[in-house]
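In this document, chain identifiers A, B, C and D correspond to the written order of the chains, with residue numbering beginning at 1 in each.
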Amino acid sequence: MTDLLPLIAAKYNYWIYTILMMIGLYAMIAKNNLVKKIIGMNIFQTAIILFYVSIAYKKGATLPIIMGDGHGGGHGAIQAADYINPLPHCLMLTAIVVSVATLGVALALAIKIYRQYGTLEEDDINHQIRMQAGQ
Amino acid sequence: MRLLALIAVVLTGGLIIFHTGDLPDFGDPNSPASTHLSPYYLEHGEGDTHAPNIVSAVLADYRGFDTMFETTVVFAAGLACFFLLRRKTEPGDKPRMYRHLPTGVTLRIKSGGTFPEEDSTEFRRMDSHFVPHQIIIKNTCRLVIPFIQVFALYVVAHGHYSPGGGFQGGVLLAAAIILYAISHDLRRSIHRFSEKVAALSGSLGVFIYAGAGALCLLLGANFLNYEALGPLLGVDAVMARSHGILIIEIGVALAVMAVIVWIYYNLSSAGKHDEGL
Amino acid sequence: MTQHFPALLIIVPLLSALAVSAMGWIDRRWCFPLAVASLGGALAVSVSLLVQVMAAGPIVYQMAGWSPPIGITYVIDYLNAPVLVVVLAAAFLNLIGAKVRIEAEFEEKLGAYLALYILFLSGMVGIVATGDAFNLYVLLEIASLTGYALIGLGKERAPLSSLNYLFMGTIGASFYLLGIGYIYIATGTLNMADISNMMPQLMGSGTLFLALIICMTGLFVKMALFPMHGWLPNAYSNAPSASAGLIAPLTTKVMVYAMVRVGLTIFTPEFTFSRAILSETIVWLAVGAIVAGSLLALMQRRLSRMLTYVIVAEVGYMVGGFWLGNKTGITGATLHIINDAAMTLTLFMAVSTITWKLGSDKFEDLKGLFGKMPFTMIGFVLAALAVIGIPPTCGFFSKWYLITGGIEAGQWGFVVALLFSSLVNAVLFFRIFEIAFFEPFAEGHGHHGHGPAMSEAPASMVAPLIIAALSLIVLGLYTGDIVTKLIQLAIPAGIA
Amino acid sequence: MELLYSAKPLAAILVSFFVVPIIFSARSENVREAWTFVAALLKFAIVASMLPFILKGGQIAYTVAEVLPGLAISFKVDAFGMLFALVSSSLWIVTSMYSIGYMRTLKEHGQTRYYACFALSLSATLGVAFAGNLLTLYLFYEMLSFATYPLVSHHQDREARSSGRKYLTYILGASIALVLPAMLIIYSQTGTFEFAPQGFMNGAFSQSTMTVLLLMFVFGFAKAGVMPFHSWLPAAMVAPTPVSALLHAVAVVKVGVFCVARVITGVFGTKMLASMGLGTIVCYIASFTIIVSSIIALSQDGLKRRLAFSTIGQLSYIILGIALLSPSGMTGGMLHIAMHAFGKITLFFCAGAIYAASGIKNISQMVGIGRRMPFTMTAFLLGSLSVIGLPPLGGFISKWNLVIGTLESGQIFFLFVLLASSLLNAAYFLPICYKAFFCTDEEAMFERKVNEVPTWCLVPLCITATCSVIFFFYPQPFLQLAKMTVATIIGAPMP
């Protein structure tokens, strides 16, 4: 136990993102209301974004904007260790945009569904569908 | 179902947590992630692209191809919302409320009745959830919106040097228009910035991006290799890359603004575009 | 210009998609010709790429002119060149075949629909062509988003099925993204070739093993492998048939291709098949998929729904074949990607033609179809024979490789499952033939009736269908060349 | 032995294939039937044109396409294939003639489809006969199953449909579930499919595996009607008589036995089987089928059903002969393909003629019918004598060879099987003839007044009947072809 705690402390970012992700996943599977499912989906994606961003972090480093003379100067002066890793950030910009787009489409579908069945509770909808099938 | 979900979730989580052991510590500067590729970007980024903000450099140049599809995703989302939701509403399919401005009388015209035309000075269409005096909200927004837009332009243009860029700027621009729509009403903002314009400028924005890339291709370089634009812009290769970044950032901003507004129109009015938030 | 063809593969559809959506607002008459032209162009490009690859070996294209680990590269090699051709050809044929329906069903949204159609396709093409692990994710999302929209405007239950598809799809894609993240932690790069270069010294890495599992889980969800198949039947059977004809042949196959790519190129085969327990489990999953898919297909009373379950079974074929881990099995799986795309395309185009004429695809409404629409049914019969696996149609030969691979690997469960599903497929389709062939005479024609009057669908629908059907036989007869000249070369030497 | 590369085999196969679209497009039935004739004659001509070369001991080979690496769709005409091709292509001519009479008399529906499928199935049959390797064989075997399915369920009523279903279930099920895996296992071990005079197994498998594989083939080619995979054959008798005649006395069932024979000789190799003693197993299965089917046949009242069960028995003669693995046995078996074909097709023609003329299907109602249709019933007598195997009819020669074969292989048990079954054959055929001719006037159902079937029906059955007589005195070229085949098999060294 004594050696487990520092292990967790050293890698708490993974714990946090995992827990967040699982919360989102649980919501997506277990929730009955479609909008809640959509929210769960967002939490899920956000968790992964956090995961990537946490990869990029370096102790004692700052954000990757080169403090040069602004004209391509400062070559050699640049120490990679002074700046955090830019790649995950730009990947996550993409991921964020993707998740926003997905959210938009999901909401559009949800609206369409509401228009059709007058509810967003999944089992009500299934019940209605069974009624239609029955007739 | 819930129990099943719980078990599945716990198992997955457990599997992932279980493996954290041999992952690098949080913020470890010597992890492969921060030693293999990123040093190159950090050390040569500015030299290659003349953009001190390395994230912008990577986003718009090194991995510009990703970003092009990022923009396309936004555009596709806009198309999808339109495609799924939009319904052409012919007039007179449901009763409407009008307000006679001189007298302040409110009249309700039943379906099938004759409505006054949209841009009459005498009658003003009212939403069903009508708030009589929004004067404060309206005027504050009228005051704020221009500043938002100017700031957005700054964010777009300054993406090289500070956090920001096409996406952020585009979202801000969209926010301005959406704010207008909220503070006044949807019809008015559609009147200012119509659906057609939104759709067209959305595709135009993406076209600026992809077109710039294709232009490089026509000039004999690889796709999206802005160095080819140098002769056109009359600058050297590095500067050309910097300008290229600016061009595509503008395209992105345009696309994002237009599409997000478009999505807002469709979502807020459930595709009817007659009234919404 | 030829050295830029890998880029054109993407640019042509992308730009034309923009143009089409713009034209939708300006002058709708231009949308369809534009779409056809762009797909035709892309198809031509892909064919010439295939020729180049066969002549001069793999092609690497550096986007934005940055060399591989730094920038994004496109790689056209023996594995994906044929897949590209098949994907584009399928989309092209389906577009032409569905012209009538599309213009009838989405008149004022024509521009949007076609733009989504092309964007979906460019996403698929990108997935197949890209050499960058993260770029694959972005393109995956493009294809998925447009796919949700294409499905969502379908018949009564479409929006709900599409939303469920969206949830599952997002989970799948996010898992893939997560797996890429773990790969990035372990290697620090996203370029496929670069990763595989590092693999040898990372053989024992648990992180990468987790990454492998997560990536595969994500892809399995996307390709609807058996326990995660729930979303597929509803989504495909409720979709507008023009979209179904596009999505059903492409999505699952391209996902399987992605699996092959991840397994062989990113994680080298040495690593992928290093843990026997993993391969075993997945092969048994595949067996489950085959059996369950076939049995569920037996229960259906609607043609399109039955076909969706057949697809579920087919996914099992390919996944199982790949995870057998031997050369024959992987050859079979790769070959089946191509063949199954062609088969599914033919089947769904036939269904679309039938529903267009009959307005339904319930079994009891199919009576006398051979008399009514002989040409459509010829295409349908050919596709059915291919699915059952009757020589000389292509289905027989890929199944041949799969079964042989199963025998070599000693996976008798897999072998039996394949034979079982062939038998079930025979039952499935001959049940339909019987109805479509014999029923009309039950309608009081007595023994001397000559069947109902022939009322065939418009030629623009039937001709592409017939072409697709004939391609099944052509593919079958050229199996030898496809295998020796392409697939065998695509499989790395590491595999016995 | 010289090998000639020529597209003739392919041409022979494709002739009837190309005629299908013409048949479909033909408007009047005369045109349709004319084309059928043209195709039939052409086919026969091509086959016959290859005969002399084969008789000179040559072989004709042709490769269409290499579908899998080292595995092609290829044809190879040898004596055995030639024998079978000759029988089926010549009988197609006769049968088309007969079908015209039959179908017109009964005003059957869907004749276009009927003739088209007929032509298709003939293509498939020749494909099997000329197949150069196991894959090609399997390909055309399956093609035949599909081509004949519409013929079997031609009437399209419930009975026809259910028996059609039964037909497919047996044929297709057996071939996919047994033959295909057996092929795959063999291929994964030996890596080749090319038929060789002494097979290509050369000890790739243990004896137990060999046994399993052999049985998979024998039962898997369900068209051979080996019990317990026989019951599709009686069911398929709902088909119009010409179909039963050609397909269930000649093409389909003979394709079944032909495949079995090919596999035994060309894949496993007689010497290999002999050394492992596997032939005997097959012999026992065959003899069981022979006896049981003959006994069942006794109890059948429907004429066609009785013929069907007799067919099942006769097929097993052929398998028995091949599986005896002795020279005369194999000769007899192969010869029986031809002899039984001519005899049995005569019988079917007669059954059809009786039905067409008087609408009678059951034997019990045929009392005295010989007085009314003397030619038909005479032909029937000849046919049945040939099938029983009495001189002076072709059947005798094949059966004689079979008997010699049992003695050669020294397995006397099978000799008794053959004799017993011959007695049974006599027991279920002769009463019919007796009833037809020699019944007393009061029990006769038909008055002495000749009204035969139309000439279109009568001529063919007379032809076939006379043929089976002729073959007794002049059994060439079939006998020579069979002998040549056996010679090559015996002569070839064990791989």
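By definition in this document, a contact is a pair of C-beta atoms (placed from the backbone, for glycine too) under 8 Å apart; a residue touches a chain by one contact, two chains touch by 3 or more.
Nothing here was measured: the structure is a model prediction, and the numbers come from that model.
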Margin query: Spelling it out: a chain qualifies if it touches chain A and also touches chain C; which chains qualify?
Written below: B
Next item on the list: Please list the single chain whose C-alpha centre lies closest to the global protein C-alpha centre.
Entry: C
Check: Going by the average position of its CA atoms, which chain sits the greatest distance from chain A?
Finding: D
Next item on the list: Express in whole angstrom the distance between the two chain centres, defined as the mean CA positions of chain B and chain C.
Entry: 32
Margin query: Can you work out the whole-Å distance between the CA centroids of chain A and chain D?
Written below: 70
Check: If you average the CA atoms of chain A and of chain B, how far apart do the two points sit, in angstrom?
Finding: 19
Check: Using CA atom averages as chain centres, what separation in Å is found between chain C and chain D?
Finding: 44
Note to self: Can you list every residue of chain B that touches 2 or more other chains, as numbers and ranges?
What the structure shows: 16, 21, 23, 31, 33-34, 37-38, 41, 63, 66, 70, 73, 76-77, 80, 84
Check: In chain A, which residues are in touch with two or more of the other chains?
Finding: 21, 25, 55, 87-88, 91, 94, 98, 101-102, 105, 108-109, 112
Next item on the list: Find every residue in chain C that makes contact with two or more other chains and list them.
Entry: 134, 138, 141, 145, 148-149, 152, 159, 184-185, 190
Next item on the list: Have a look at which chains touch which and call the overall pattern line, ring, star, complete or other.
Entry: other
Next item on the list: Report the complete set of touching chain pairs.
Entry: A-B, A-C, B-C, C-D
Check: Once bound in the complex, which stretches of chain B touch chain C?
Finding: 15-16, 19, 21-24, 31-38, 40-41, 61-66, 68-70, 72-73, 75-77, 79-80, 82-84, 86, 88, 196, 199-200, 203-204, 206-207, 210-211, 213-214, 217, 221-227
Check: Hey, which residues of chain B end up touching chain A in the complex?
Finding: 1-2, 4-6, 8-10, 12-13, 16-17, 20-21, 23, 25-29, 31, 33-34, 37-39, 41-43, 45-47, 50, 52-55, 57-59, 63, 66-67, 70, 73-74, 76-78, 80-81, 84-85, 161-163, 167, 238, 263, 266-267, 270-271
Next item on the list: Could you please specify the touching residues of chain C with respect to chain D in the complex?
Entry: 385, 389-392, 397, 400, 403-404, 407-408, 415, 419, 422-423, 426, 430, 434, 437-438, 441, 447-451, 476-480, 483-484
Item checked: Complex contact set, residues of chain A against chain B -> 7, 10-15, 18-19, 21-22, 25-26, 29-30, 54-61, 63-68, 70-72, 74-75, 78, 80-81, 83-91, 93-94, 97-98, 100-102, 104-105, 107-109, 111-112, 115
Margin query: Show me the residue ranges of chain A that touch chain C in the complex, using the header's touch definition.
Written below: 21, 25, 28, 34, 37, 41, 44-45, 48, 51-52, 55, 87-88, 91, 94-95, 98, 101-102, 105-106, 108-110, 112-113, 116, 125, 129, 132
